[in-house]
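This structure is in structure tokens; I'll ask about it shortly.
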Amino acid sequence: MQEFEPKIVAFVCNWCTYAGADLTGTSRIKYSANVKIIRFPCTGRIDFMILMKAFENGADGIIVSGCHPNDCHYSTGNFHARRRWIVLRNLLNFAGIETDRIQFSWVSAAEGFKWADVVNNTVAAIKEIGPYENYRKIAVSTLFNEEGASNE
Amino acid sequence: MKIGFYPGCSMKGGAREYQESVSALARVFDIELVEIPDWNCCGATAAHNLNKELSLSLPARIMALAEREGLTDIVVPCAACYNRLSLVQHELGADATLKSKVCSIIDLKYEGTTQILNIIQFIDKYITDKLEEKVVKPFNYNAACYYGCLLVRPHAILNFDRVEDPQSMDVLVTKAGGNAIDWAFKTECCGAGMSVSRTDTVARLSGEIMKDANDRKADFIIVACPMCHSNLDMRRPEINKYLGENITMPVLYISQVLGLAVGLDAKTLGLNRHMTEVIFPEKPVKAAADIPQKVVTTQKMEA
Amino acid sequence: MSASHENNHPLSQSGEIRIDTGVIINKCYQCGKCSAGCPVATEMDFPPSLVLRMLQTEEAVQMEKLLRSMSIWLCVSCEMCLTRCPMEIDIPTLMDYMRQKSVKAKKTNPKANKIIAFHKSFLDSINYTGRLYEMGLIVDYKMRTGAMMQDVAVAPKMFVKGKLNPIPEVIKGRKKVAAIFNRIHKEDKQ
Amino acid sequence: MSRIGVFVCHCGENISATVDCEKVARISGELKGVEFSADYKYMCSDPGQTMLKDAIREHKLDGVVVAACSPRMHEPTFRNACAEAGLNPYLCEMSNIREHCSWVHPKSDLTTDKAESLVRVMVEKVKKNKALNSIKVPVTRTALVIGGGVAGIQAALDIANCGHKVVMVEKLPSIGGHMSQLSETFPTLDCSQCILTPRMVEVAQHPNITLYTYAEVESVDGFIGNFKVKVRKKSKSLDEHLCTGCGLCTTKCPQKKIPNEFERGLGFRPAIYVPFPQAVPNKPVIDRENCTYYIKGKCKVCEIVCPTKAIRFDQEDEIVEVDCGAIVLATGFDVLKPDFFPEYGYGKYKDVIDGLQFERLASASGPTQGMIRRPSDGEIPKKIVFVACAGSRDPAKGIEYCSKICCMYTAKHAMLYKHKVHDGTPYVFYMDIRAGGKNYEEFVRRAIVEDETHYVRGRVSTIYEKNGKLIVKGVDTLMGAQPVEIEADMVVLATAGVANKGSEELAQTVHVSYDAHKFFAEAHPKLKPVETNTAGIFLAGACQAPKDIPESVAAASGAAVKVAALFSNDLLTREPLIAVVNRQAPPVYSSCVGCFLCQSVCPYQAIEREEIKNRNGEVIRTLAKVNEGLCQGCGTCVALCRTKAIDIYGYSNQQVYSEIMALLND
């Protein structure tokens, strides 16, 4: 049987973690290819819908990573993200999604090693939990159209 | 109060007075030391020099027996045993595969939950608070506290006291009414287990330690390890031969110092068992000018 | 395809050491702080920093020299080197590793016989009684080394002071301890 | 139907060594909406960019994806190229297949697959991109320079000499920094104060420079071209306009035994003091922590003796608001604290000192008038040991890096010592001698050959005091690692240079990033060494990493040029990646319900209220509106908006959802 290779999306901020992941590359530190990054200006931009959209589309796990507390390029965005995450945990439990599927971390622009660790640890953790197969059952997809909430 | 007790082999033989003094001290403070039933030797230097698995298994069996007995704290007065037990606990804690392998070798259940205390940690946890009120006969001498290697190193695992210029024993001696002198050889090696096989090396290393303490006008060297004790005490003739001097400074265990301070007599504390005779200097505290003063303040740097 | 990526070089000497001991010898940049603080460096044929350099060469001939050296047996495991090493290289563990390798390969330095004999007598004592029986250890050691006259002067005094136990303490679980020795011995032979 | 072009870069072999670039281009070409795809050795090169431009024109592309390095590196390059070919630059996106793919994974199909999916993600994103126009904002032509050491002085003078206003903020009572503490400088041995003090005076007298000493930056708001900075001028307990700097108060102050910071604790100063004789400004401050009046409520000797009645005991801190267009950080470095070296007895033995203390001993204006005397008893040391790399290159203690300046200043110290104590013997324990620089190696050779300094290759294990001597236990690794023991009279530790105290807090106040050692981070290690990731904020000197004087000065001039270039524009162009509240035709107007939750979370106060009025002029709706000049595009409001009325250009919901779907549905 083929080993389960989880699909993991990383939502990261442009200023700290994206730069940190660049440093991982510049330092040629190897990590698992299961994780793919989507860039945001700030973790404060990342709302519930984005996370649910990822699960809906078949993600087995999610990494949300931004600047360390007090280091946010926009002063407070990461605090909003953290508060939002505390609320989201309950919602995930309610929806029957294991909270461990979302890893929240702080990786600064100087922490190339840490980014590789975060990725590898998350991949290991998600492999442990197993694939996420209930996504089609989430009500989200029935409540919103495929485009999500658009502004047009 | 009942606390687990691992005496180790030397305390049954060459360091009998260490056990006598620790037990006597514990009794003064109403602490019952419960010997781990059927304990074995920790393997000491020999085991980790020659066989890694043996060096893990022997201490693991000791701790497994303690766990079976429901002992949460065990005091290990011998610094060498303390070092071995702590290191094994750390190594097995970090490697689950190794842990299960060792469990199967010793054929016992081992969790690694026991807290290993060295003699100073034990005193700090159970005695220090009540020490000063019980001091009836202040230990009014200049004492060079000698920590040696195994009590403080490796610091990353033992995490006990400061690794350079440790202070915990100095604090105890001060509380017992003594004057802990500042000296340079607190954590230099005495030659450890080479006493028999490389007596010349031990004479040189222990000699340098003796010499520094003597030069700095210490009346006693205070130790917390049977190996340090036997090297400094029993090997004194060889040390004096190496130094070309005749140093008669006695070597006491920290438990003996505290025992003396709380009024226990010399015989109970086993002072008569030392090879270098324990003679108390007549003029207890020397002129202040002769004693190297402890530097308490650090240089004040740029604000 | 696995998610982790190791390099694919054939296993080097330093790679082997890393797997067996977890110590990364290539971290050493030869500052010499270990040799400066080592209490027995003056007696060693190769002081600790030199040992590291020799291992770094990856040459079998250097490893051979080390296995046959006195350095590995003179090391007293005082951990001073590790304590002050800026790179936190666990030299004491390396020393244990080379000692065991040296014994297994039967390459021990003849001048170290007394030291090794002492260790072996020590372990034998534990094997037979579960604990260290000091008098037995000394007798056993003397038999191994022929150093019959060593320390004869101290023994009576120790005896008087109650420091020498004429009868060994044998623990109840003696057989269990012996079983530990047996099992490890068997595994080593395999 | 889109007409997107995909360009896959090999980056020499940086990408193509592990990713099959041709295949990525081929597969991408088959994606829906992709009109053209190609791979090329170096997309960022001139021919690469030409290929991109030709393809845009030839294939009438309406979107471009360049799969290459990090967009943090070359996004501006490719967006400019697009603009030159007539395509709106914001219709160009980059896939990061180098830092996030080829460099972190081995050569395999999986790595190529990942590169393909990263391209697919951007293709889907570009489909939702909008043509945007950059935003123009005015520039305030004043620069704020934080830190008054040699770097800050250089930057301030360069900017001021370009005709721009400069505000300099220094936290100590005088400018001058560490350079003013040095005795002589390598490799010329010219006197540090002789070359620095004229420049300090120039700063004070320059018509374009406003100097605030004993002051700290409290807060920084705004953005490039338009910063608003609050500076706290700590109370000096003195009316600076009345004070003539006569110094009478400092001689009469009854507190005389306060360790002198400038002398690194080797001398004393009174509670009302001028840090050093050549201080700028040369006017005293009262150190309230040590002043008898502030401690006990009476004394006031200084007030009594002051001929101009300039003392103000009730003076309070003052907050000054500075509007500026650019900020230069020049806050310098610090050296390690004594508790770092328990094995060397630093802080315990008086005669174990650090390099800066030695500078003061060697300085003609120092506590010993330039005689090398040891602190414990004032004796002239006959045997002196210098320990290089004290703390540097010591990962066990948390400092992996080389402090760069120590090899040179240690050679200088040995020389100065030998020049002053002819019969003395200097020893230097070192691991490597790093003397890269003009005339540097020659200088070190001189210390060894001409001044007979004993260089011993090995690290010192421990230092302890015995019979008035310091026993230094080292090793000579060039002699088979033989132990070396030296009975020294004095030991000088070349302590590691570390980030200045409070640099982390300052970075957070100013919003720049910093590295693991709390040094400020440059935007790019090679190509943007004086820029930070925050536009309009620049770095000068050792606040970025340990640097010697020439390097600090060069960096400062570099930063000054960046500031001057910025100030050469009337208007600044800014990325239009900002938030926007949707507007619709009446009677809906907008999906905004006017809850203004966005206003409560916006860190820039960029959300305004817009009133929608009917024909009678009555307000019928109040909607949120984004101020384009203020919005920085963090997107926090977007995540919070309950009706999804706010979105953000560049990271819109549509764009993000498209990315997620493309990434997961392969």
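Which chain is which? They are A, B, C and D, in the order written, and residues in each are numbered from 1.
Definition applied: a residue touches a chain if its C-beta (ideal position, glycine included) is under 8 Å from a C-beta of that chain, and two chains touch if they have at least 3 such contacts.
All figures in this text were calculated on a predicted structure; none of them were measured in a lab.
Pick the chain whose C-alpha centre of mass, unweighted, sits closest to the average of all protein C-alpha coordinates shown.
Chain nearest the overall C-alpha centroid, as shown: D.
Report which interface contains more C-beta contacts, comparing B-D against B-C.
Of B-D and B-C, it is B-C that has more C-beta pairs in contact.
How many angstrom between the C-alpha centroids of chain C and chain A?
Chain centres of chain A and chain C, defined by C-alpha means, are spaced 49 Å apart.
Report, in whole Å, the distance between the mean C-alpha point of chain B and the mean C-alpha point of chain C.
23
How far is the middle of chain A from the middle of chain D, if each middle is the mean of its Cα atoms, in Å?
So the centre of chain A lies 30 Å away from the centre of chain D.
Where in chain D do residues touch two or more other chains at once?
Counting only residues that touch two or more other chains, chain D contributes 105-106, 110, 343, 462.
Listing for chain C: what residues touch at least two other chains?
Residue numbers touching two or more other chains: 1, 5, 80, 88.
List, in ascending order, every residue of chain A touching at least 2 other chains.
Chain A, residues with two or more chain partners: 30-31, 33.
Touching chain B in the complex: which residues of chain D?
On the chain D side, the touching residues are 259, 261-262, 264-265, 337-339, 342-343, 347-350, 462, 464-467, 471.
Where on chain D does chain A make contact in their complex?
Chain D reaches chain A through residues 70-72, 96, 98-101, 103-106, 110-111, 114, 117-118, 121, 507-508, 511, 513-516, 521, 533-534, 577, 582, 591, 601, 603-604, 632-636, 638-640, 644-645, 647-648, 650-654, 656-657, 659-661, 663-665.
Okay, in this complex, where on chain A does chain D touch?
Within the complex, chain A touches chain D at residues 7, 9, 14-16, 18-19, 21-22, 24-26, 28-31, 33, 36-42, 44-47, 49-50, 53-54, 57-59, 70-71, 73-77, 80, 84, 108-111, 116, 146-152.
For the complex, give me every residue of chain B touching chain C.
Within the complex, chain B touches chain C at residues 9-10, 12-16, 38-41, 43-55, 57-58, 61, 105-107, 149-150, 153-156, 163, 187-189, 191-194, 196-199, 201, 205, 234, 272-275.
Give every residue of chain C touching chain D within the complex, in rising order.
1, 5, 29-38, 41-42, 47-50, 80, 84-88
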